[in-house]
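For reference, chains read A, B and C in written order, and residue numbers begin at 1 within each chain.
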Amino acid sequence: MPDKRDMRKLVSALMKSYQREAGLLKIESDDQIDEAVVLDTLEDLRHLVFAGFFTRKRLREDSLEYYAGELLERISYNLEKQVSRALLHKPGGPPDDAAEEAGGIVYAFLERLPDIRRLLSKDVAAAFDGDPAAFSTDEIILSYPGLYAIMVHRLAHELYQLGVPLMPRVMSEHAHTLTGIDIHPGASIGHHFFLDHGTGVVIGETTVIGNHVKIYQGVTLGALSTRGGQQLRSAKRHPTLEDRVTVYSGASILGGATTIGEGVVVGSNAFVIKSVPQRTRVSVKNPELQYKADGEKPTQMEHVQDEYWDYVI
Amino acid sequence: MPDKRDMRKLVSALMKSYQREAGLLKIESDDQIDEAVVLDTLEDLRHLVFAGFFTRKRLREDSLEYYAGELLERISYNLEKQVSRALLHKPGGPPDDAAEEAGGIVYAFLERLPDIRRLLSKDVAAAFDGDPAAFSTDEIILSYPGLYAIMVHRLAHELYQLGVPLMPRVMSEHAHTLTGIDIHPGASIGHHFFLDHGTGVVIGETTVIGNHVKIYQGVTLGALSTRGGQQLRSAKRHPTLEDRVTVYSGASILGGATTIGEGVVVGSNAFVIKSVPQRTRVSVKNPELQYKADGEKPTQMEHVQDEYWDYVI
Amino acid sequence: MPDKRDMRKLVSALMKSYQREAGLLKIESDDQIDEAVVLDTLEDLRHLVFAGFFTRKRLREDSLEYYAGELLERISYNLEKQVSRALLHKPGGPPDDAAEEAGGIVYAFLERLPDIRRLLSKDVAAAFDGDPAAFSTDEIILSYPGLYAIMVHRLAHELYQLGVPLMPRVMSEHAHTLTGIDIHPGASIGHHFFLDHGTGVVIGETTVIGNHVKIYQGVTLGALSTRGGQQLRSAKRHPTLEDRVTVYSGASILGGATTIGEGVVVGSNAFVIKSVPQRTRVSVKNPELQYKADGEKPTQMEHVQDEYWDYVI
């Protein structure tokens, strides 16, 4: 252990650092949201939405109402406190009465829960229909990271829509941490959404996604350029996907003016930066492969893409 | 806080939602597995397999037997309870005596632990030999996500083979959460398996992998098409990799009839949908690059792939 | 439950396995680091670096010094113990007095904290300037996985530089687990570093990165070949990126002799294995796409790359 004098030196160096790098210090602040409470509340919301799936004890029919009531009370208490702090971060300045505004927001949010459950029930159905490895809808609810990510998104997106700063992003980045799926809470996503495997998926803030859309691992729905930095904040920077679009693994679709028409299928690793008319299949022309046996020149090259379409889509 | 009347409205809306979206509600169910217990048991199994590495206290030689015995008791108690619930999910209907069947399954599973340790010991050796950044086998056991993923897989695969529904997938999706490596418990994987970095790897349910196989980040061993959805459930949809295959980052190998022969090396980002004969190197022909200085037309293009092979393989 | 005799069989089989696969057993060892303590200490360091952001209670100005002092004491106590154990893993053999050496190392490490805070403050600024979706620097500190990854890296890299075995890697693999970003603690990274989205990023041990560098999801800064295995341990195997380099998603830059010059922009999915002169834009020539309407032959092909550059960079 450093002795007392040394320890004092370390502390005093840190105190100077706190003064100098003041942006990394949060002190005497009323606007500090409690990340742990936000994440506990997210977990409570999951217990409410998928009631009985993640409780330790068997949930009984005649106690269901008490179960729901108690969870709702705790959620609304914790959310109001955190939302009223988050509101102090509003770009235009804090509201006159943050606590009152928070109360209204949280109530509006909780009223949306039945609709969110309806959407999630369709997401579960889409996962079951779309994945031959899915064994039951219970398995999907208990284990699919894509379902967890879309659940968090549907909750966070409501709070984002209701004008809550900061907190929705904390929720969605938590889902990103757990699933490798990065959906900005601003993205608008229709019903029957299915994310298979999911790791590496990025869905940007101004993305608009229709119904019955299916997205595989490693897909980016992103911006063309971020050179403008903060000046681009309110622009539509991310693409629009219409109904029944499928995007295979590793594909990138970029740009706010890029619209992928109804029924389009985008092949693996395609890099799409302009609009695609409806019911088209888009693919990289190239996956031309080169085979080379030991010590020989490449002996064979082929376009695999045409066959690929025969098989894949 | 919403006042009492409002809260009642929220609760009653939720109750209707529970009735309507009944698939998202788990109530009065004997078949509910306790996810937290399953994951605690997985952690106990890790403490048993890599004894002493993750315990808080120094493990002593003369208490090792008690240590193992106590862990085994707890694991078998918890597993039997969860397996007997999971068995109620069996596609053909629940067994006559789920508790008895669970007892047999858990015993058979625990008998396999020494074999699993032998396989894992070879996986550790493969990681050490294959990664110049590996500093010691202790480092691999303590920190490599690829080793954690293959440990969970080897355990979950046994339970899958023994016919336990649901639970193996909960375990493997937990590993997916922690590592970004998504291995379906159905996949069959030989000895000396090495996953380097691992993030984004997807290995499908019917994949068959030989011995001494090395797989880098972002590799997909997947299905060609899932259009058939649930009808494809029992088909072999994912590829076979024979012994000593190496697959570099970002490559995709798709299809149940696709066999990658012994000793094949698949280059980065290759997209392979048909079989490759043994001892061949396969690569994307294309990584033709375009260089462009500011304000100029592209001035240079080159095929990097040939050189790539000189260096890489 | 297996009855007593069976349980004894299981235990005795395991005991044999412990003898045979001795590398998976850690017993009577003074060199065993406590992973949980290391990770708690990492969390303490985060509370010290971003003071007030992750505390449950509002941090008050006049208690800041006590707060810092208490945390520093706990961190230095725990680190010294773990570092002195880690030092027993030194390749050249354990030091004469591991405890004393650990004391010096930990003090040198803690002295570096103000500098690390200065670097992190620039990383936060780079994230804010580079990401139009960033709403405030608080949001970045509270939720950006890229910032978490670089924070852990800057701490782990110091310990790596100070010659501590094992522990830095445990820290960086923990960050990998949480963020999907895999930065080896050996990598050297300049100021104003921005990792956007981050999932799937791999940065190898001997990578050197300049200032104001921006890296997107799925980028690999890797080795060309690891065929040499352990013999390559001390070689520079990973690339050098000079100042103001941007690397878009999915690109790979490989090889220890590969230097990416100042101001270079590397396009999405490019595969770069040789040096690129300064202020050049490098891209895959190919993203030639093929569009195919239902039942028709492919009717349209285009090079999108030229336009891509107009938009993207």
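Note that in this section contacts are C-beta pairs under 8 Å (C-beta built on N, C-alpha and C of every residue); 3 or more make two chains touch, one makes a residue touch a chain.
Owing to the predicted nature of the structure, the values given are computational and were not obtained by experimental measurement.
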| item | value |
| --- | --- |
| Turn needed to bring chain A onto chain C - CA fit, degrees, nearest 5 | 120 |
| Proportion of interface numbers common to chain A and chain B (over half same, under half different) | different |
| Whole-Å separation of chain centres (CA-atom averages), chain A against chain B | 22 |
| Of all residues in chain A, the ones touching two or more other chains | 180, 199-200, 218, 250, 269, 286 |
| Contact footprint of chain C on chain B as seen in their complex | 48-54, 56, 58-61, 64-65, 68-69, 72-73, 76-77, 80, 103, 106-107, 110-111, 113-114, 117-118, 120-121, 124, 128-139, 141-145, 178-180, 196-197, 199-200, 217-218, 249-250, 268-269, 286-294, 298, 301, 304, 307-308, 311-313 |
| In the complex, chain B residues that touch chain A | 1-2, 6-7, 10-11, 13-18, 20-21, 23-36, 89, 91, 165-166, 169-170, 172-173, 176-177, 180, 182, 184, 186, 199-200, 202, 204-205, 218, 220, 222-233, 235, 237, 250, 252, 254-255, 269-274, 276-277, 279-286, 305, 309 |
